[in-house]
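Following are the structures in question.
Two complexes follow with chain A in common, the first pairing it with chain B and the second with chain C.
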Partner chain A sequence: MATEGLHENETLASLKSEAESLKGKLEEERAKLRDVELHQVAERVEALGQFVMKTRRTLKGHGNKVLCMDWCKDKRRIVSSSQDGKVIVWDSFTTNKEHAVTMPCTWVMACAYAPSGCAIACGGLDNKCSVYPLTFDKNENMAAKKKSVAMHTNYLSACSFTNSDMQILTASGDGTCALWDVESGQLLQSFHGHGADVLCLDLAPSETGNTFVSGGCDKKAMVWDMRSGQCVQAFETHESDINSVRYYPSGDAFASGSDDATCRLYDLRADREVAIYSKESIIFGASSVDFSLSGRLLFAGYNDYTINVWDVLKGSRVSILFGHENRVSTLRVSPDGTAFCSGSWDHTLRVWA
Partner chain B sequence: MAAGPAPPPGSPRAQMPHLRKMERVVVSMQDPDQGVKMRSQRLLVTVIPHAVTGSDVVQWLAQKFCVSEEEALHLGAVLVQHGYIYPLRDPRSLMLRPDETPYRFQVRLGGAAIYLAKKNIRKRGTLVDYEKDCYDRLHKKINHVWDLVLMQAREQLRAAKQRRKGDRLVIECQEQTYWLVNRPPPGAPSVLEQGPGRGSCAASRVLMTKSADFYKREIEYCRRALGRTRVKSSVCLEAYLSFCSQHRPHDPLVSGCLPSNPWISDNDTYWVMNAPTVAAPTKLRVERWGFSFRELLEDPVGRAHFTDFLGKEFSGENLSFWEACEELRYGAQAQVPTLVEAVYEQFLAPGAARWVNIDSRTMEQTLEGLRQPHRYVLDDAQLHIYMLMKKDSYPRFLKSDTYKGLLAEAGIPLETKRRVFPFMWRPRHSSPSPALLPTPVELTAACGPGGGDGVA
Partner chain C sequence: MEEWDVPQMKKEVESLKYQLAFQREMASKTIPELLKWIEDGIPKDPFLNPDLMKNNPWVEKGKCAIL
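And then the complex of A and B:
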């Protein structure tokens, strides 16, 4: 009996050292191709002009912290969710509310608009992701047609439709991501590998449309193959929870925002971190990030109520936007890149341009 | 109180990185040589030593971090809101005023229990409701050291009676700040509020004990990663430069958009002109079709023109096949067998009406896979056809008269002049919600008869 225990310990130790040495080799391989840095290459790029961005719309109507938002493909409608369970669909151009539903749970941390514009998905502390078809029929109660799709064993932190209304990708505090068939609620694929809560995800804008990236409390950003469920690439350079991940428009890289007050850019072909966006005066975590249409600008919302605008190529901070009166919890650029929307714990959403 | 499970006290999760960073800033602010200038501040008739003015704090932060005064003021305000700096005047509002208002640095944090106990003793048990709740809860929590708390409270009160008026005022402000930060009155926002507890899930607890499985997975991942090809940084980074510069004129937030940005001008003409299906696409839009095959396919107008072009070349079945495969991949699970069958009949079966030309090996593998249909069974065939179109048909399309004609015809909108009288109210047009419209005609309806061939 005693020898068996000893044997197990030795195997564990040797596995650990093997893993460590392989990781070291991987770092070496990555470093070999590191012939230049982004800011060096970007020296010959024209500097951006003065930036004047203002709040163009303020959406008031949530009675509590706004936690998440998503744009409709029509470039003007948005869906937003809050701590008190309310999910609202707005025409943000006119600021009219078009639909509202109250979820049976608090802290609705995830919401998404379906590609057709005919449904929304949301979830949070109920550990589920539910789909609501949007109806204009006055006689119909939106909550009546609700479809319960995803079931996790801890809170839902993020959700996104794939290329159609019929599939949803979810991320959860239970440490996994999952792909679901909306109609049947069937689990199509699950993704295991994060060592702690998964907080965010983003689908890759690729030609073959097969991968997505997720970020978690284990400080890792992981890229997954949707077909096989395998992790194809992982990056671990952040010093704290990763709150948000977003692909660069070409699909060759993605940005992340973390509680360590930095945003970082990871290149998928070079297989390494290529830029850090940080400043000594920025102390609070970045909660959400998104790129402008050309990928030149990175907008990041922070827990100190501000939004910082970064020059992706040169690495410098182009502008700081004040306005929100509490944490910025969510931020997305509109589908045609004419504006971006931020949601905050101050109960409001703002559209900036 | 915050919803969801709270982190256990003292756990690493509770040590948020921003608190440590703020502490470091505050420490450097108090540096005798490099820190903020300390002086004695006169407050009515009392003199308070070791105080700083709001404007000095703002100047110091602006210089230290090379930021604007607006940003320095914001950063300073955050430090005050968290109680690291407290006001000596009007301690009820935790604001940073960029003027002669005096502030001091918080020396000790903690002692909510002592504060409450002192208040209780002083006011002889007349605490406000929510204070009483906290007092009772604290009492329960630290019952075993409650005698110690009471003793400290009594001692401090005794000492306070003997202290100079100046010190008493300072201590009062200190404690008032502490109270405002850590136990704000109901309804007031708390800077210390966190979202639902993270890291409380079973996954983190289990994996914290790094098991053999965990290492085996890491080893497997590393082996696979080592086998992967990587690209030189210079190549990857150059790609960003060219992507950014190519797309720059198309980025409204960087280059503006014509006739105007709807959000700025309240005029939605830009959206009308760039609607998904429009008879006359703008020049920028037609240009984008030339950036990549993906951009062409993603634009409904671009795709329609490409479909017509393929029809003329008698290779329309390729795009239809690709669209059918997309429908399968992203369709409902229940539809999978039906869709696979339909695709086989139309595109792959020998003698099929719209037979696609795939290489024999891929065809063989695909037909083999069709025995057990699943949503990814056509992936290889789909990729083959996609690459065929991308490498062959697409470049020809860009060189074709059709495309060149479209490019020449496409117009550049005139800029809308800014409104001369900004106070003239302009109604914002609403648009019909996509949810109101009848089910949009899907471009992926390839399984219908003669879809997209352009044949009359």
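And then the complex of A and C:
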């Protein structure tokens, strides 16, 4: 009936304006707490010296773009996934390939190492996240033991085990994140709120409790309570897709990298953005970010093939690393902070120290 | 978000109310604490310590290796 349609439009309009007014109030509340700036407080901090960071290992073997990688807790094994459908486990120290599995789909956009080091998870255009136990028995076919855990209605963009091998958190092009029980494949919690594809996620360090942060094509970074499924905080300051989010080591902040060519730092306790890492000369998107052990350095991989190293406190770039011959798509610091690994569309991974 | 319907918009409004209720703290408290956390961690950060770098497993110790 025509009158029902009219009523629905009025409700939608009034809800939209209520949302706008709430957003306005949020900005007001945030502004009230803004009594100091990071760069002011950081003035008294000593500037960093020169850095010598070089490629120490190059991992060659993928037949196409490397899309994702993750470190094993043992600080030397690495899992990586590629557009060619292959997932490889490397001993990055010797550069030997220890395991390889071919996925039934191309564009394996996400992969993760289980905390025990005994399994890996991966997925992409198949819309699923699957877990593969790692076996050293040469007679066993890794693909035969595959376990399908997560099912989304669009591509899998990111996955991460929680602090055990038993649960996996996923992010998808379908606009949602979800928490799954690995053994049963059961959906434990889903997280709705992004207005477009979710591209990345990161779990809070275990000491800080049950939250995670996600970033998406809606330019929003959202912090979620894993138990209730509620969005606790949201930040909408980027001007384009957020490709990567990473918690600061203490859990009180997180960084993001975006197609708007900037990386940003958000203070979770003050509930606002506190720093922007950018330069006029940097015009290509940042695809992945990670912190050094102390949180003083932010490593960021870009679509212009470089890696920029930022002084988190001063906001300045301290180093620029060349080496990759195509976009840097993924970057993670090793568990003990002695090195970081980058993966690229040039088919290789590099370990830097 | 322009294409959202009434139920989705209701959820967005609920979520915003929840976010508004967050117990935020003053920057003059949180930022110095962030700084202190970093400064406490710097001695153990391999990238910020030339001494630690000497023992870094990824960095070759010398040009010769004993076979």
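Throughout what follows, the second predicted complex is superposed on the first by the 343 of 353 C-alpha atoms of A that agree within 3 Å, B and C clash if a C-alpha of one lies under 4 Å from a C-alpha of the other, contacts with A are read in each partner's own complex, and residues count from 1 in each chain.
In this section, a contact is a pair of C-beta atoms (placed from the backbone, for glycine too) under 8 Å apart; a residue touches a chain by one contact, two chains touch by 3 or more.
In this text the structure is predicted, and so the values were computed from the model without any measurement.
After superposition onto chain A, the partners chain B and chain C occupy overlapping space and clash. Using the contact criterion defined above for the overlaid structures, shared-chain residue A:Asp197 touches chain B, although it does not reach chain C.
In the superposition on chain A, A:Val274 contacts both chain B and chain C. Contact with both chain B and chain C is seen for A:Leu293 once the two complexes are overlaid on the shared chain.
In the overlay built on the shared chain, the residue A:Thr237 is in contact with neither chain B nor chain C. Residue contacts after overlaying the shared chain place A:Gly175 against chain B, while chain C stays out of touching range.
Look at A:Asn64: by the touch rule set out above, it reaches neither chain B nor chain C. Within the superposed three-chain model, A:Pro249 lies in touch with chain B and with chain C [touch as defined at top]. Touch criterion met: A:Ala353 reaches chain B and chain C at once.
Comparing chain C and chain B on the residues of chain A they touch gives the larger count to B. By the touch criterion defined above, A:Asn127 reaches neither chain B nor chain C. In the overlay built on chain A, none of the stretches 207-215, 315-323, 387-395 or 405-413 of chain B clash with chain C except 207-215. When both complexes are aligned on chain A by C-alpha atoms, chain A residues 8, 11-12, 15-16, 18-19, 22-23, 25-26, 29-30, 33-38, 41-42, 45, 48, 53, 56-57, 93, 193, 195, 218, 231-234, 248-250, 252-253, 267, 269-272, 274, 292-297, 312-313, 336-339, 351, 353 touch chain B in the first and chain C in the second.
Contact residues of chain A toward chain C in the complex are 8, 11-12, 15-16, 18-19, 22-23, 25-26, 29-30, 33-38, 41-42, 45, 48, 51, 53, 56-57, 93, 192-193, 195, 218, 230-234, 248-250, 252-253, 267, 269-272, 274, 292-297, 312-313, 336-339, 351, 353.
Put simply, chain B touches chain A in their complex at residues 3-4, 16-18, 21-22, 25, 61, 64-67, 70-72, 74-75, 78, 189, 195-196, 198-204, 207-208, 210-212, 214-219, 221-226, 228, 230-241, 243-248, 250-254, 257, 261-264, 268, 270-271, 274, 293-294, 326, 329-334, 375-376, 379, 383, 386, 390, 428-431, 433-436, 439-440. By the touch criterion given at the top, residues 1, 4-6, 9-13, 15-20, 22, 24-35, 37-42, 44-48, 53, 56-60 of chain C touch chain A in their complex.
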